[in-house]
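Some structures are shown below for you to check.
You will see chain A twice below: alongside chain B first, and alongside chain C after that.
== the complex of A and B ==
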């Protein structure tokens, strides 16, 4: 954490240290960004003043600080990739980048960074682009405080907001992404951090995360995305203090985990999702001090998961706290607060004296036979559930929290 | 007609059973809301009250009341009043007093503690359920002259709708698990007013879960305004058809 803060401080101050300053604008020396780029030397600054710049594809192949004053508009006329960054040590800040081209062959982006390092993309507005910000084979890059909006309707016809591929040591900080396919997309990205972003109303995932080891995402908000957040085929991921909200639909999950191992899920809030967390083939994950509130299913833990620890979480007002698809239980539950717990605490140690079975019979029935949802909360079903709680026969009897809390944790 | 209704309502109020019913409902509702820290849990308990107690009391009390007022009905029949008018006034009188009891007992706490759309739906559904089971009571009491038999039929009907029907549905569900029966299930609920009421409330109470796989099918139907209108229309049919059958029987009955 200390190193992280140090990096943040250093990068935010070094953003603006360059040699000569050139000006681009209607009544300035240079009329177009391209002409300025052709003349300058490495390490110079270009200030771009207000106006609409329709220059096709602008390729940045010199180390330059490209700074927009009052958000000059870079327009791709729905034909071109707008900014292509191919040199290291570059800053792009303060632009309004809009209407990039559309092509599934070469994936044009609003701002695309190729095979380089130390690039900062800060404080831009990206509007109606195919891909918003696209980084490939990059390292030590910063994407900060950008607002990225698009208006995709179909998954196939829109790219991702922030797309990172085969990169290392990226920082994605304080961006707002909406209306893209995936808000933030990580594939083969390592040692990176995603911090304080808001990703909402994207067509597929708020955050899509694959083969990206040793990353952390902290204090982000993922809201109302088509399918929530997916973290797949990855190990050593840290997910702290995020909010997963209102991801509704049959295949929508607050957080979808597939083939994840050795990771931490701490202090997150899962609120009003169809499923808070869906786990498939995950192992050695610690889920601690999270809040699961008003979800359809708090957690769906498939039988393919093992050695996960679910400790000290609050489960409040979920229709079903937990569900699973088999009878094999290789995960442990301890010291959680379940609002459906009906036990007592005679020795007043604030821990319930009888264990809690978080898996209700009906959640098992619904898992096997979804139309049975129709009978939920009918007297018949309540009766079945109660008798199952006393004598588990269909539900695995080792699916148990031995130390359920009497009062909710203050999280 | 109004005078007969007024007379019946006053008679029922004097009867005290309805007063006790009101009292029990209100004790239940108030305690449920003041004991639970979140109102959703309170509403859940009330859901069971609405789905079990309200229909039971409505159907049993109404059946017994109709049998007990047979002499009063005979007296009215000797007057120059139409038979249908007498039967209608009896129905209005009974349902008005039970609705009033439900509103005072449960409605006021709901309005105070949970004036959300779930609460409103619950209140509305409670009104409908009360009236449906008053209508069913009219049907069961006209079917036979024997009081014990009539009350038996009423209780059996309640048992069927509150318990057995769901058991049967669960059985059917498991037998036909391999077939796409989701849409059919929506149709089946129309045959049980209690199920219909429960699902209407469920769609507001467990909205997140209902967005899931089959939930979505129910949501697509019952969640739309057209679906809600259809559902309430079916509940209305559940009031009108049993009462209408009983009315025809009453008109032809040799008393």
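== the complex of A and C ==
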């Protein structure tokens, strides 16, 4: 009997702990999200049914799962920040968040998360907001499978798609961002991962990294952004299996690296960019098993770079494989495949018997005098390049790949 | 007589055509198109932008006042006698000479390169922003190191 009472007591107490589910909709108990939020307790769920909710700024200060069913519309009427998340352990899923306000004072976002942790923002559509999803001073947050779009008409009035600032341990997964200033923006964000996102058609950068250490970005697609992807003033970044393509323009790059150290660039594809990778002031970076195809320049390595290893990459169909602006060579090239290599392999070990000079004389001339590009493919230039290959005079003679491959790597 | 007139005319035309070669004021910044001449980033926020205009009439553009100073410090010889300008935070089409602008500094300003300094035309307009951004006043001598 005692045991039975004990069991009854136990089950009854747990009953009180069960989270409740509340419903918001036209014909439900609550007519607005705000009224539901005012009544609920931590840990409850709110299901929001179809409809247009114009409730101004909705502040979420309780631990809640806010779930939209059939994409209810949260409209900011171009005046308000729409969702402000200030509580931990919160889920926001299944909403169409549109028309946030614009202000340069407090950068309103479609969904903005303030100083908290364990927040998940999943499966939402963000349409025409100033900033899409904005995280500041956050940790352990997930931003997953959101579709974020903006329409950059007035250039300055466009914020970033996913903007993360002074945060730690974030997961940005499977989002699609287009039409924003920077697709994904990281400033002072550490120990985070950006995985399987598609960032295309943004006004400035597809991904913009600043002062963010120990992050990785893996299997993303960055396409047709104003200036490609920029990774700056950062160390220990891992960039694996991304695709950088169709970034064209005078100052557009597949990947722009500035002041980066101790990082890895593995297995990426750089296809049809003005420059595949542009490096400035980078050190101790390993560039391995990447494909550089049909770029204007495969890699531009400024003289300020040192101790970088460029190993086992395919360089195919680039106008220039490599270019540099100085005579100092502190980087090593080994075992790459260069489609411009004209050497032979007598010992049949699949490695060319004579070293390859990836730096053509003309690319050095163009680097110093861009208008010289007019003469490209002229007879004189071809002649110069050939004679330079035989007797290097202007190009640094230690700028070589000693073990060029005869066949392209299967990457 | 006619010949004399034409030669004077040609002289005048030549005189003016040579005059126009020299630029007297800096080029405007094209947002989301021009790159910072120091850090290479595309300039997307004109309110923090800065300009260095050399004696020879070349314009260098920067996305942040710290980039302007870095560039000036790295290129002392080239920039001797150059005029330095910053954008007015409240009217980014207007350029202010660095020496006379009023500055505030604070982390909440979030400038592109973390300089977090905004410039204003006068103290009155700086005052309101100083409160909004919880920033502090600073001056050119402090910034210009």
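Please note the rule applied: the second predicted complex is superposed on the first by the 390 of 411 C-alpha atoms of A that agree within 3 Å, B and C clash if a C-alpha of one lies under 4 Å from a C-alpha of the other, contacts with A are read in each partner's own complex, and residues count from 1 in each chain.
Keep in mind that, in the parts below, contacts are C-beta pairs under 8 Å (C-beta built on N, C-alpha and C of every residue); 3 or more make two chains touch, one makes a residue touch a chain.
Computed from a prediction, not measured in an experiment: that's the story for all the values here.
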Between chain B (first) and chain C (second), which does A:320 come into contact with in this model arrangement: first, second, both, or neither?
first
Which of chain B and chain C A:227 touches, first, second, both or neither
second
Check the contacts made with chain A and report whether chain B or chain C touches more of its residues.
B
Per the contact definition in the header, classify A:87: touching chain B only (first), chain C only (second), both, or neither.
neither
According to the stated criteria, A:98 is in contact with first (chain B), second (chain C), both, or neither; which is it?
neither
Which superposed partner A:382 touches (first chain B, second chain C, both, neither)
first
Output check: A:190 vs chain B and chain C. Expected answer is one of first, second, both, neither. What do you get?
neither
Look at A:202 in the shared chain and tell me whether it touches chain B only, chain C only, both, or neither; answer first, second, both or neither.
neither
Which of the two partners, first being chain B and second being chain C, lies in contact with A:274: first, second, both, or neither?
first
Would you mind writing out the residues of chain A in touch with chain B in their complex?
248-250, 252, 272-275, 294-297, 316-320, 339, 368-382
Chain A touches which residues of chain C in the complex?
31-32, 35, 39-42, 44-47, 92, 110, 114, 132-133
Could you list, by residue number, the parts of chain B that touch chain A in their complex?
38, 40-41, 44, 47-48, 51-52, 162-163, 166-167, 169-170, 173-174, 177, 181-182, 185-186, 189, 194-195, 198-199, 202, 205-216, 218
If you look only at chain A, which of its residues touch chain C in the complex?
104-105, 107, 155-156, 165, 181, 203-205, 210-211, 226-227, 230, 232, 251, 256, 258, 280
